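One chain, chain A, appears in both complexes that follow, with chain B as partner in the first and chain C in the second.
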Partner chain A sequence: MARAVTNRRKLIVTVAAWAVGIAIFFPILWTVILSFKSEGDAIKTPLEVLSSAWTFESYATVQERSNYVRHFWNSVVISLGSTLLGLIIAIPAAWAMAFVPGKQTKNVLMWMLSTKMLPPVGVLVPIYLIFRDVGLLDTKTGLVIVLTLINLPIIVWMLYTYFKEIPGEILEAARMDGASLRNELIHVLTPMAVPGIASTVLLNIILAWNEAFWTLNLTAAKAAPLTAFIASYSSPEGLFYAKLSAASTMAIAPILIMGWFSQKQLVRGLTFGAVK
Partner chain B sequence: MTLSFRALMGACAMGALCTAAAAQSTTITVATVNNGDMIRMQGLMDAFNEAHPDITVEWVTLEENVLRQRVTQDVATKGGQFDVMTIGTYEVPIWGERGWLVSLDDLPESYDVDDILPAIRGGLTVDGSLYAAPFYGESSMVMYRRDLMEAAGMEMPDAPTWEFIKEAAAAMTDKGNEVYGICLRGKAGWGENMAFLSAMANSYGARWFDMDWKPQFDSEEWKATLTDYLELMNEYGPPGASSNGFNENLALFQSGKCGMWIDATVAASFVTNPDESTVADQVGFALAPDNGLGKRGNWLWAWNLGIPAGTQNEEAAKTFVEWATSKEYTALVAEKEGWANVPPGTRQSLYDNQEYLDAAPFAQMTLESINAADPQNPTVDDVPYVGVQFVAIPEFQGIGTAVGQQFSAALAGQVSAEQALSMAQQLTEREMTRAGYIK
Partner chain C sequence: MATKASRAAARVMISPAVLLLLGWMIVPLALTLYFSFLRYNLLMPGMEEFTGWDNYSYFLSDPAFTAALTNTLLLVGGVLLITTVGGVLLGLLLDQPFWGQGIVRILVIAPFFVMPTVSALVWKNMFMNPVNGLFAHAFKALGLAPYDFLSQAPLLSIIGIVSWQWLPFATLILLTALQSLDQDQLEAAEMDGASALSRFWYIMLPHLARSITVVILIQTIFLLSVFAEILVTTNGGPGTASTNLTYLIYMQSLLQFDVGMGSAGGVVAIILANIVAIFLMRMIGKNLEA
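Moving on, here comes the complex of A and B:
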């Protein structure tokens, strides 16, 4: 049933939406502002910060001190690698759960989700020891595996929800026409679920890019991604806000730009199936 | 044909050469903390690379707490991720005793191990063996505003008492203009408020444990320490002090809001730096206060380079540690960056150098503060542990932080001093019994 939307209501909703948006974006904006200030100015009161001189000093220091490109490349490999590996495992899994559910499917789904409820530090030492023994410490391969495993429940759940929206009859029709299971998955199901898969991929890349617990604990010099790059700029003794902000801005810029360009896809995917 | 053959031979020879060079080169990974001196060393690596072209150094720079967790995890599991680790004076005695570190007793004569300050060396020695080389050392002292002190009509002695500090704090406080007589650490943590309070307690004659490892928070000395600390902070300290650590107090002092600040000697170079501090030309220094009991309320800390036992590159790691903590490195920093930027607090020869004393006005005070601290005998009475502002046992990180939370809560006004001390006593006793120290 359509509802009349008064101008006043529209105004309130618009103002509220902007307020929430600004509140969410403000910390990022402040980080960017601080990155263009000197260390001395960065600790002043907000008004003084805004009126102080702008400088590229922190970016120059960060550029000089760290190897940004290497950390960036590691982040790219780890987040894309874990997303790809996750999809390869999750598409067949979600297909099975959505189209040929068994008695335990719901329980399996819940169990997968429950693994996300365990604080990661609880399994840090066992995983560290396993990685040590198989030589995966400080390797990109090791991180791809770990990040795939921790994000797999989310990928499976998201894909499962999208697949549920696709009428099973279409797949049946494909089967009637003689499509093999492989062809059914690759040529029929996947193209129809592209918006869902795309938003799953985007979300997973963002999660893997920002993951800081495992990437800090399992790496040293070779496989360290941008999270380790940021961590090297925090200091308990001495001022570091401006440099830390510059490092953070450099670390989040790629993912922010990617998110900006793909926001339509992301929102469409995330709200897919929300309205019935 | 001949040309191709020659080219092929040439390529093979080049390839063989490169392979040989690669085989000879050793890569060591150094885990380090993010502080000015360590970052400076990373910028001076050309000198090391020139002298040792066969060793490549990879750096892993981390924030202190992350670093501590990473290196402890790695050394305890023999993960082998790092060949050199930057560790504090808290870790060295514990790790050395467990055989987790390579002994450095075989450093060459030219290294002049006897030049290392006795207080620092004592903290890095286990059963007569040196287990880490100090890179830079620090103590704590009073930093104060000379202009405010003068306006209050008082004069700071070189070695003040706690009584004087209280009087001066009262005289300097002007809350209407956001000037607070004293700024001290209040943020909970074994390396935050407990570093300050344990050192302050030493000067009051208090101790963490008696010779039977029984906690002493129920003693009169601890009560006096905490009561005086709370009075100082509540009457003359900045608002919200229970969340202030080193950096928060540094920011307050640099923006002219603190009359006095008792903290790490390393802060001296920050507060006197005109680029960062609005009060750079008004800062004076004094020894940490005492109570006439023969012990001052200053701590002792050093960042050291240690080599984890079981590293595949022990020789190369030793070469690096020797270079980074040598007199030659000090001279190199002085030449490239000036004497004021030399890592302080580890070698006597630095304090015998007039050029350094001229460049660093706080040098003498730093040396006296370090020499005044004795990790083996930190307080008035005998103790069974090593460490001035910490107790060098593995359980201390947990216990120290839990006690720190109680004291921080007392500062925030959530519990009284008596309640905080009683809770501290209970929890420490419980943990020490569980760990088997108390039978």
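Moving on, here comes the complex of A and C:
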């Protein structure tokens, strides 16, 4: 920026920006603080909360009482599983559309996107009944399948926009040197595509981890990931703020960290390349 | 450039994705459509029979549908208004040079990564609870009576929670768009004596128009399907005060086991979502050609 910025102006903007940033982040910060308090202290007035003793007891209780680790593991399996399965299906498709575009490529891409616009509640009943009949209700396999399918259009689109940016000449050079289609894919394209694939993976793990329509409707106690497990805190008995905070902190921490690394890709992935 | 062989290979590579999505779309859609013309309740198995348009006329004439449709529009509209206006303002603020830009950016986008059930429960208990919530403590400190947000203003409270989740998304996209604005143009306008307001109105806003449209359309798709936030805060109540279309259909299908009626509702929801989708698809399609 060429314009000279006075320090005074910069100071004012700094104060305003930090104030807004902290205000927006505050609910998360407060949850983390409460997770290190005892149940009795967690419901006191803010000043009393801050001056009370710090403790890890809620983290221990959450695990003991509800087998937290299992739900966490379910979330890991479901989000990683659906992302990997999605990649396996999407990489060849995106590769083909980016490097061997045909007349229909654009239509296929747009059609894939249109499946994403289908409101989930519109197909809730049939999916629920099919899952009930084939025994997929409350299984990790069932959720992996559903989340793979709902995120597949985003995976294909993101990979497609990244693959488009790989210069075609490199592939042609490889072809001239006699590389087979398979070798071209493995030795030339894949290394160049790794950054794009990595961002796609990151965004999709985030989306799958936080998905809260299908996970709530298709699971009960057994396969429930964290989204559904945390929902069970909506009708609690007695004091539970500290435990809710501890469970929540553990549920959002990994994704928050991943999300911060994928800010840029987030824009691109969620706007289907419309904003870069 | 593309040979016949590579064309054929390309088709083979695309087909798994296409076939899976086709199956995922056609099978449930056809079933939803089929169920919507049946009298079909899971509590009365074996009693299914064709009822024509009955489910639709019951669903559409149910006062709960009118309430849910109004709530859906208010929820989507309210959140869109807050997040786009807020997003533009925040984008403008964060686009200025200041100390600690990276950290503030991280703080601002954080809510987007919080799972819906967590953010809804945190707001419900730690903030909006009329006895122990932070707002209640603040009201008491000011000598006011505590306010029970979720039972006295359920829809507004949910709009607030959902806006908190989506403001980062709007901000991030609009900030990205602002950063691509040509600075020379702004400086030239400033030298010519254009005020800050007219620079915003005549240069920045037109530049942002496209991104604002994208934000509105994409958020609308997601906001039409808000579910978890309602499930864990109000269960759609009191009455139908915070029931949106998605939640109403969920209640009819999985709580009242009325598959026929739920499916008719599902078809209505699909039609509504499609109206928005058509506009979004056009925007993205145009971008694909450019």
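Points worth noting:
Here, the second predicted complex is superposed on the first by the 188 of 276 C-alpha atoms of A that agree within 3 Å, B and C clash if a C-alpha of one lies under 4 Å from a C-alpha of the other, contacts with A are read in each partner's own complex, and residues count from 1 in each chain.
The criterion applied here is as follows: a residue touches a chain if its C-beta (ideal position, glycine included) is under 8 Å from a C-beta of that chain, and two chains touch if they have at least 3 such contacts.
For clarity, every value in this text was computed on a predicted model and none was experimentally measured.
Looking at the shared chain after the overlay, A:Val125 reaches both chain B and chain C.
After overlaying the two complexes on the shared chain, residue contacts for A:Val134 are found with neither chain B nor chain C.
Counting residues of chain A touched by each partner, chain B versus chain C, the larger count belongs to C. In the superposed pair of complexes, A:Trp18 makes contact with chain C only, with no contact to chain B. In the superposition on chain A, contact of A:Ala96 is made with chain C only, not with chain B. In the superposed model, A:Tyr233 makes contact with both chain B and chain C. Legend: residue contacts after superposition of the two complexes on their common chain; A:Asn217 is shown touching both chain B and chain C. Residue contacts after overlaying the shared chain place A:Glu39 against chain B, while chain C stays out of touching range.
When the two complexes are overlaid on their common chain A, residue A:Ala173 makes contact with neither chain B nor chain C. Common to the chain B-facing and chain C-facing surfaces of chain A are residues 43, 124-125, 128-129, 216-217, 228, 231, 233-234. On chain C, the positions that touch chain A within their shared complex are 1-2, 6-7, 9-11, 13-14, 16-18, 20-21, 24-25, 27-29, 31-32, 35, 90, 93-94, 96-101, 103-119, 121-127, 131-132, 134, 137, 141, 164, 167-169, 172-173, 176-177, 183, 187, 190, 210-211, 214, 218, 221, 224-225, 227-228, 231-233, 245-246, 249-250, 253-254, 259, 262-263, 265-267, 269-270, 272-274, 276-277, 280-281, 283-285, 287-289. On the side of chain B, the complex with chain A involves touching residues 29, 31, 34-36, 39, 42-43, 58-66, 69-70, 73, 77-82, 191, 245-247, 250-251, 254-255, 264, 266-267, 270, 275-277. Residues 1-3, 5, 10, 13-14, 16-18, 20-22, 24-25, 27-28, 30-31, 34, 43, 45-46, 89-90, 92-93, 95-97, 99-102, 106, 108-110, 112-130, 149, 152-153, 156, 168, 172, 181, 206, 209-210, 212-213, 216-217, 226-228, 230-231, 233-234, 241, 244-245, 248, 251-252, 255-256, 258-260, 263, 266-267, 270-276 of chain A are the ones that touch chain C when the two sit in their complex.
Across the complex, chain A meets chain B through its residues 38-40, 43-44, 64-65, 124-125, 128-129, 132, 137-138, 216-217, 220-222, 224, 228, 231-240.
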